[in-house]
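Step one of this worksheet: look at the structure below.
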Amino acid sequence: MSAPVKVAVVGASGYSGAELLRLLLRHPNAELVAVTSRSLAGKALSKEFPRFRGVGIADTLTFTAPDAAALKAAGAEIAFLALPHGVSAEYAKPLLELGLKVIDLSADFRLRSPALYEEFYGHAHPAPELLDEAVYALPEVRAEAIKSARLIACPGCYPTSILLPLIPLLKAGLLAESPLAVASMSGASGAGRKESIPLLFCEVQNSVRSYSVPLHRHLSEVGQELALAAGREVKLSFVPHLMPTHSGICTTTFAQLQPGVTIDQISAALHSAYDSAPFVRLLGVNQSPDTKNVTGTNFVDIGWSYDARAGQLILMSTEDNIGKGASGQAVQNMNLICGFEATAGLLYV
Amino acid sequence: MSAPVKVAVVGASGYSGAELLRLLLRHPNAELVAVTSRSLAGKALSKEFPRFRGVGIADTLTFTAPDAAALKAAGAEIAFLALPHGVSAEYAKPLLELGLKVIDLSADFRLRSPALYEEFYGHAHPAPELLDEAVYALPEVRAEAIKSARLIACPGCYPTSILLPLIPLLKAGLLAESPLAVASMSGASGAGRKESIPLLFCEVQNSVRSYSVPLHRHLSEVGQELALAAGREVKLSFVPHLMPTHSGICTTTFAQLQPGVTIDQISAALHSAYDSAPFVRLLGVNQSPDTKNVTGTNFVDIGWSYDARAGQLILMSTEDNIGKGASGQAVQNMNLICGFEATAGLLYV
Amino acid sequence: MSAPVKVAVVGASGYSGAELLRLLLRHPNAELVAVTSRSLAGKALSKEFPRFRGVGIADTLTFTAPDAAALKAAGAEIAFLALPHGVSAEYAKPLLELGLKVIDLSADFRLRSPALYEEFYGHAHPAPELLDEAVYALPEVRAEAIKSARLIACPGCYPTSILLPLIPLLKAGLLAESPLAVASMSGASGAGRKESIPLLFCEVQNSVRSYSVPLHRHLSEVGQELALAAGREVKLSFVPHLMPTHSGICTTTFAQLQPGVTIDQISAALHSAYDSAPFVRLLGVNQSPDTKNVTGTNFVDIGWSYDARAGQLILMSTEDNIGKGASGQAVQNMNLICGFEATAGLLYV
Amino acid sequence: MSAPVKVAVVGASGYSGAELLRLLLRHPNAELVAVTSRSLAGKALSKEFPRFRGVGIADTLTFTAPDAAALKAAGAEIAFLALPHGVSAEYAKPLLELGLKVIDLSADFRLRSPALYEEFYGHAHPAPELLDEAVYALPEVRAEAIKSARLIACPGCYPTSILLPLIPLLKAGLLAESPLAVASMSGASGAGRKESIPLLFCEVQNSVRSYSVPLHRHLSEVGQELALAAGREVKLSFVPHLMPTHSGICTTTFAQLQPGVTIDQISAALHSAYDSAPFVRLLGVNQSPDTKNVTGTNFVDIGWSYDARAGQLILMSTEDNIGKGASGQAVQNMNLICGFEATAGLLYV
């Protein structure tokens, strides 16, 4: 077995960052050489995340202040960025210049258009010159481009669950042009690990509510990728909901079929796309996926159904928002880049 | 003040039944004279539901086996039926014959068409001769009919949350004929208080999942009522989801507008319909309701939004599935029938 | 019926404050004339707490900055203080001087000894001259003193659940002098409504943990009151635990009996103390109370058991930490002071 | 690497059984050759537990009816029994006779005394002749005996959390003879995966309550093992509580020290016992462990504290009740028996 790849995690104080640490601490082909967090600098990983106590190097490795040169000096070949949008782009530049590959979990490199970025994120893009080479890295869709990329934009959590069922259907021209309707439900970890009254246990526990209606930021990347798959603009409405659960996303999408298209054609398109994808589990017609079967894993579970009375297709998908929807997918991309087994470090249930 | 109405609850062993007891035990104008449950016969109310210990007559009133003559003998003027569908219709007949008014929480008298009932419930209707006089009792929509009815069919939990925002818009002709898409999320109490592995705490807690796709039974009554409001058939797909919370329903509906219709017209139609409705709270444009603000109450909270990019209207509503979605609404109907204050016994938050 | 008492709530931005508003908004004998919160000044009650939308004056009454003279001018006769310790004492003084009665929910007036206060709260007492007249207001124990008090110190949440089962047993001399062991579990609302990472949903949900071991501040008042009941110092260890639930306290106490004392004597002492107390429900020998039966109410449920193998008495009590453990008890004290029905505004389940 | 050990799981329909499958499906040195469940016979593992879909042989291996000869024929060398007490002993006998080693998760072989078994479990022991050779298999305490045993009795979930902190202290003679007081809180998975109204989500979610007071069955094995460690009878009271969480046990134990014993001696005894134990994490003085750091793992986290005011020692421990408290410990015992790495298959967090 060849030497493990040396990796750094930049900005590991949140839930996606912690999940990334969890996955990398036990990855058979990766060695964690640096972890940064401005607020936690000097603290051992397992001091901030006591769950990691006694696990690998978590008791001895300490957070450091983020510094590109220091990461390079520590031997890092790949840097994962688990930073807020806007911040990520600024960290990416020096890391790329020093020769590291960058796997970014933020939104900063997901959109091809700086104008679209500014429209949805409210500020000019910090590094528009990098957008051309960045790869929107949904491994099931764009594996070849990922393998040779040096700047990886991991898709957002909601988009991963929305795009995977839709892309094969749009590519095959099975869906009508009427607007899609997407309702997603996410666990609270998607909102981040930050001091916030609306995210307190007592505010979330007995609460189910939509938010960011009608214009959630993830609409921008979903629109971009659906258009690429369909070869035309695809209209969709998206309503995310916050659920009283730690993690997991459940997405339900309503679409109309092209005249004459049958549910068997839908099934065939999905199977054709994903039968050899190790992390997509196709449950079948009228089968509802459940977030509890995917949390802590890198799986996406997909079911589908045709409502003949209303003439609508229903797509149902679940994933772990900080797993396949963030850190699991980031590691899956690392595996692709490094030529590891696709499932290395990601097979646990 | 006139004498309180004497009421009986038939089949009070479930969550809606218990909620009904909770509301009736403290209702200023109602006196609970009998409570039946075959399985709990002989047990004091507060023995089965220790929360009621020391509350009114809950320590002394015992469950009895259901018997129409005994309820009549106990003086009951109104009988609430909190029974499974199919069973309810059989109990309703003798009670009506003995002169009681019946407020049924089951699905048995919600559909005008025995054929539709059989299609959705899988057996012939047990009392089709009663369907003509039964009133589908959404008080905000059909108050006059309710006041003089002797057989009340309380709407289902999901339908209440779906119908209230849609009916005024359909009546006003504001919505296009394209199929509606409805995603609802419900707390686990909606699934009932029965021995069932899928409803165990450990199965539900970290789980978010759809179910009954694509054909939930509530589609039948929703379709019936939307058609009445619109004066035409209304197509809709409906996907319910089970949430890890005790109670509360959050419904998100996607619809397309008639050409030229504006969000202001939507707002106006909703305000016109509900500004004087004591239990409908209109939150306004782009405002998301939250189940935690309505659980334990009889309120429905409604927000709405126009997604200009996709050209779709988004309606959002929350209620307590066992409150306004079941027992609260039943009591609201009793208040109407008896001429009590609309909010009697229902104002608590 | 006489005119309602005019009341103000000072510091109503937290969970106890909101519960106090909930109880007072519907209290038949109280009129809420002012609500203060420095951070929420200018906002309507129902804007901060949307659950209260449409309830009484919650849409029109706005938070004001706290000011004693303004409360007096608004007609307030009683001020409830739902403030942090240290702050409360400073607000109490001018209010008392202006002739208001003060019902304080903080710890500031619970201890007779300023030195003990300083030991447990880390700073000198802000108003030691008021300690003599303050009444530690456990209504089941000290009703007469409460009726004539102008400065009421509501007991802490844990202490209420610990003291109620123990006081009658200590008064009757039934317990041995060996140290008591108390384990309590509380919902997260007890930790407050404040921006805090450890109180986020994702930190609390799947977590059960003790905290403040071995020296929680509530030990000071528990020790004071147990000594008063026993006529001697009473040693006890107390370990609180944080539970993944919104509210509710469950307390389990281990004690040793005086030689020859029987479980029947324990039962008799409890019944003698509480059979006429409307908010104490005695469940009996070997009966475990459950927080779900008391949340949202002002009840304390108590069970007890004798472990003959180890020779230990086990006392079990549950309450709502923000109900009987805070705001419910505050209203119960108001009822005593004003001569209202003991249960006025507190009978809801 | 040598060939993996072939293992069977008997009775895998419950939460401990599923956790055992989870651990064995990915164990590097074990091969799952048979899984039995009378009620699930014929079903694929991943059909009953969809989380396992696509994981190893979970899609192809089916449950079979339990039959000792068939397990032998399938090549099983070790059988794990995840059966109810009483049933387990009957299955163990033929398996042992066929030469398999048996790792039993039930209570059937934990007690040395058939009389004690009958007292606590209410029926005569089904195989008293096997009790002499059965090993109460707490690996941190009895590793040598486990290595050579052919009949392993895995300790109960509560006992594991109670015994680990106490045994070294009793062995060292540091604790006084006064009765211990133990309060434990467990997630609902400890109550099993069975059709039961009290275990429904809606019954458990907002509920914290004790149960089985004063005589929980686990007292029998705890008493047995504490007496062995202390060389004298050890009295203790034990109150378990059900928490609204899936899994995790938090145990708080109150004890009195022998005169003159210091907290440093306590720390030293714990460190001496566990510094080389890979699954015991000693958090230190006044450090509270948290169940969320151990769920899904095989760790036990232990903190301790001396309450000088009351003169009591407080021990705090957390574990996953179906991990270290059941199935993780069973696998840890398999590792010992087979000479695998102590942590093989158990290092995941």
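We call the chains A, B, C and D, going by the order they appear; numbering starts again at 1 in every chain.
The rule is short, and it goes like this: contacts are C-beta pairs under 8 Å (C-beta built on N, C-alpha and C of every residue); 3 or more make two chains touch, one makes a residue touch a chain.
Each chain and its UniProt protein: A, B, C, D = N-acetyl-gamma-glutamyl-phosphate reductase.
Since the structure is predicted, the reported quantities are computational estimates derived from the model, not experimental observations.
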Next item on the list: Quick one: point me to the chain whose Cα centre is farthest from that of chain C.
Entry: A
Notebook entry, point to check: Between chain A and chain C, what is the gap in Å from one C-alpha centre to the other?
Noted result: 46
Next item on the list: Find the geometric centre of each of chain C and chain D from their Cα atoms only, then give the gap between the two centres in Å, rounded to an integer.
Entry: 39
Item checked: Centre-to-centre distance between chain D and chain A (centres being mean Cα positions), rounded to whole Å -> 37
Notebook entry, point to check: At which residue positions does chain C touch at least two other chains?
Noted result: 187, 203, 205-206, 244-246, 290, 292
Check: Does the chain-touch network form a line, ring, star, complete graph or other?
Finding: complete
Check: Where on chain A is chain B touching in the complex?
Finding: 178-181, 183, 185, 187, 203, 205-211, 213-215, 219, 235-237, 239, 241, 243-246, 248, 250, 252, 254, 256, 286, 288-292, 295, 303, 305-312, 314, 316, 318
Note to self: Quick check: in the complex, which residue numbers of chain A touch chain C?
What the structure shows: 15, 187-189, 193-197, 199-206, 244-247
Next item on the list: Flag every residue of chain C that touches chain B in the complex, lowest number first.
Entry: 22, 25-26, 50-55, 278, 281, 283, 290, 292-294, 296-297, 299, 301, 347-349
